[in-house]
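Please go over the structures that come below.
Presented sequentially are two complexes of subunit A, the first with subunit B as partner and the second with subunit C.
Let's turn to the complex of A and B:
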């Protein structure tokens, strides 16, 4: 019984860490720009494939592959800003929210399909992964899971430090709180948007490597984690970073338990029921503040 | 009807709408006589389904501001309900269409009750999650519900779906020309849907939907009940979408979980976006353009999805109001230019008269 329980908890914590990483990228962009990035899944996949092609096809060391994934995600985020978001921001402000969502859906489909055309649809093995496991008494800890949790915690700390301590972080937080006021205080809001998208792209790249190291590389790789990350963002209240991380771990543990108890197919529906219940009780999410908007 | 009652107050745009619809009816009647190819006519029928769904998504998003991504789920629900009634109870398809549409309405009201307390992207995310859940539950359904011969059949049809549960009866009546019959039925469905949408959009409740979209705070302050009005438009749009789903299942004599896939939903959204969100004729224009583009890209085969994604992104960046909106801009610009030219000519003539 104990070993089943620990393996459920280990699986839950690992997927929770992955979801948390995907959620932070989404939530950062939503919180500072009011933009829901539907292309996040494709950026995740892009990161995974970038690492694969650098370290498996070209035979470079794993660190280079990892850095390549970060770089590919960051470049994708930057390009997304330059070609899509910048132009949409010039249009009507009221329609930005839905327009950017539709546009990124299009970009996401195009990117996923481009990956499919380049690498083919067959699943590939992610070379950047650890094998073996640490055995402490009855508990079996795979190195891969430990690696994921450690990397994710390190990245979270890095993002938190960046947001709390640096000039860029202060500008991002100021823009998130009040765009106009930040602009009047001399924050270059457009540059902040660019930085946020690059940062979120880099996080997506890392997340892609991690997700694919647990499963396999395939073009629709990012869709499942992203849909769950969306749900976690919504439960926490969109734009709330610490809440999103807490929701990611909580819901991932719940999913792991439900999948063990009722079978894998009920994992996602049970998450959905939790979300709907939470939203009926608190329409702005668990940690979201009720917004007062001037109409 | 309204034109005959109030002949004096017919506005210019209403007259234009009437002219366009008369021309379209003419074209629709002429089409089967001009087109010989079964393939082309089949694609036209499919395009009419797309146009019907897109017009109802447009009613939700373009006219009422509800960003729902459950449109294909509701369409599929209507189709599945119709197919399941025929399959399990042996009903005639025609008898099952209306209950199927009502089932879709009930489903949409449940979805609406869960989602419509929220606004904006929360609605989009939740409806997307519901649609995905429906897809996953159908595809992973492996428990036997009934045995058909020696084949196990799941309650929801599983990954295969339903087939051979009956058709619209056109094969019996029209023999070889059955596709023309189906075309006439689906075209009628589209026409009825468009007329109903027009009446709704122009009616007082349509104004309430629009007000809630344009300025929710003001609309609520003026006594519009947001939750009730949005639930109503959700139900109305679900009725026509579900009905279209039933006809879809009956026309193809099959329905499967494939129509719940993300790419189908995106195609519908692309149609509305390219045509013009919030314009009455937008979905039709978008359907014509995108189905034509899709056919052209069929030559390029594997690049179809890539091209479709880029078309969605580019058209929202370059023409946020779609083709119909751009056309409106063009007409207004031309009118202003000719108006300005006319005025200056007038000024010139008065100047010469003054001398």
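Let's turn to the complex of A and C:
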């Protein structure tokens, strides 16, 4: 029974780590900029393909492929700011949230189709992956799952440190709390937005590599993690980073246990049930605060 | 003008028979000089089934090139038009088909498969009076045809319905066990369908017939479609190991992940999968983990002498990793329709019920030996017959092929039915 329980927990933790990584990138942008980045899924896919191109097509070491994914995601985030977000911010602030959501839907579709045209629709194997398992008595720990959990925890710690202990992090938090006040205090808000999108893009790039190492590369790769990330954000409270990570691991473990106990097909509906329940009883999310908008 | 080289290409590439027939009919016709015949195809060129969509397109292109080299249809070259059905479904597929008719006036649409359509393709074909051939592999095609054979006269399913996978798979396992090639540790089988019509019909057919073949269903677990996190399902399998695991989900990438995750803690069960292992993506993603996997298909290019020219042309044109086993479906479909159109004297055009009806009548009458085996339309449902489960005569039914991946660096081996088998079954490496 121990090995069965362990394998369910491992499945839950691995999925939770992937959800958390996708969620953090999305939540960071939402929390600090009020921007729901609908192109996040495509940026995630871009990272996966960047790693594939460097490691498989060009034959470079896995580390270079991984770094390439981070870089590709970061550049995509930077370009998104330069060409889209900056211009939308210059327009009417009241309509920014809806405008940027529509604009990023278009960017996401265009990017996904660009990947489709470049690489084709055939599913591909992500070369950056680990094989084998660590066997401790009846417990079997696949290296690939361990790698994902370790990389994600390390990245979460780095993001937390960046936000809590650095000048950039303070500026991000200040902008997230009150954009106008931060601007009056001398924070270069536009630069903060740029940095947040670059950081979010880099995280999406890593997430793309991790997800595709457990599944496969295909142009719609990012859509499922993006959907799950959105669920985690809603459950945790949009923009709440620690809450989003906790929700990601908690809900992934719940999903794994439901899949085992009730059947695999009930996993996703159980997540949706939790979302509905949270929206009824805690509309601001489990860890979110009620938001008051002054007209 | 049809030259000797083109003629030879037509003969050889088409697997001889089709090319010879068309070339004879075209003896006086001048290829490429007539008005083109527009043939449409609504294929999943992007989305999760793109791997198959690409191969379906390849099969059509190869067939069109060979038919045109043999003189086209009574001197009229075929011009292909592809519409992307993306993630499929009734709305996208019907719109794509209607666009083909509206834009190009296509008298025929040769599809691969499209999922979740509720066989709306048959309504598009009926409403426009065109021939529609598809490889959805669904019993619902037969059921819909039966409701109004006069209306659906132009709809043909190029292969047997998926139902026949059920009894075919059980018969295969029983034969393997009785032949002493595999010692089943118990009588249990675990069935894992995904949430789509094709997968569930097969799983239900296996479950309903299991007792007749001496098996007991120990697990029936429906997984989401698509799916790639197999952890909880594998935990259940490991808790109560069956003699055979039958996965009727069919996406190659998901099935490859099943094997990768299964082999971290394998159990002494045979692993049988549906269709997906025939695609290159399964081997590329799964690597050595897929060695030993058995799969079957009721439609696929047979690795025999007859199809050799086709297989060589396909790989020469589309690369060494291309899946001729999938492209062969639309390849045969286009050849079959082109010959019928030539015999009928003209392919017709949309809303020309009289002429299109003549083409359909030839398709019903002809027995066509293609690279996938024999197509003979079952008059009750206008699908192919299945050999050996449905008909005992291999010249009148399409073979239900069982293949095994014995070395992931090479093509899978055909291990049943015995009449067509090229290799013997090997015990999978994880079974101790």
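We take it that the second predicted complex is superposed on the first by the 295 of 295 C-alpha atoms of A that agree within 3 Å, B and C clash if a C-alpha of one lies under 4 Å from a C-alpha of the other, contacts with A are read in each partner's own complex, and residues count from 1 in each chain.
Simple rule for what comes next: contacts are C-beta pairs under 8 Å (C-beta built on N, C-alpha and C of every residue); 3 or more make two chains touch, one makes a residue touch a chain.
A quick note: this is a predicted structure, and the numbers were derived from the prediction, not measured.
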item	value
Touching partner for A:234 - first (subunit B), second (subunit C), both, neither	first
Subunit A residues touched - subunit C or subunit B, whichever exceeds	B
Touching partner for A:265 - first (subunit B), second (subunit C), both, neither	both
Partner chain in contact with A:7 - subunit B first, subunit C second, else both or neither	second
Touched partner set for A:119, first subunit B, second subunit C, both or neither	neither
Set intersection of subunit A contacts, subunit C complex versus subunit B complex	113, 264-265, 268
Contact set on subunit B toward subunit A in their complex	61, 67, 114, 117-118, 120-122, 124-126, 128-130, 132-133, 136-137, 140, 215-218, 262-263, 266, 269-270, 273, 302-303, 305-306, 308-314, 316-317, 320
Subunit A residues touching subunit B - in the complex, by the definition given at the top	30, 36, 83-84, 87-88, 91-92, 95, 97-99, 101-111, 113-114, 117, 223, 227, 230-231, 233-234, 238, 264-265, 268-269, 272, 275-276, 279-280, 283, 293, 295
Contact footprint of subunit C on subunit A as seen in their complex	3-4, 7-8, 10-12, 14-15, 113, 116, 120-125, 133, 140, 142, 214-216, 218-220, 256-257, 259-260, 263-265, 267-268
Contact set on subunit C toward subunit A in their complex	45-48, 50-51, 53-54, 195, 221-224, 227-229, 231-236, 238-239, 252-254, 256-257, 261, 264-265, 280-281, 284-285, 287
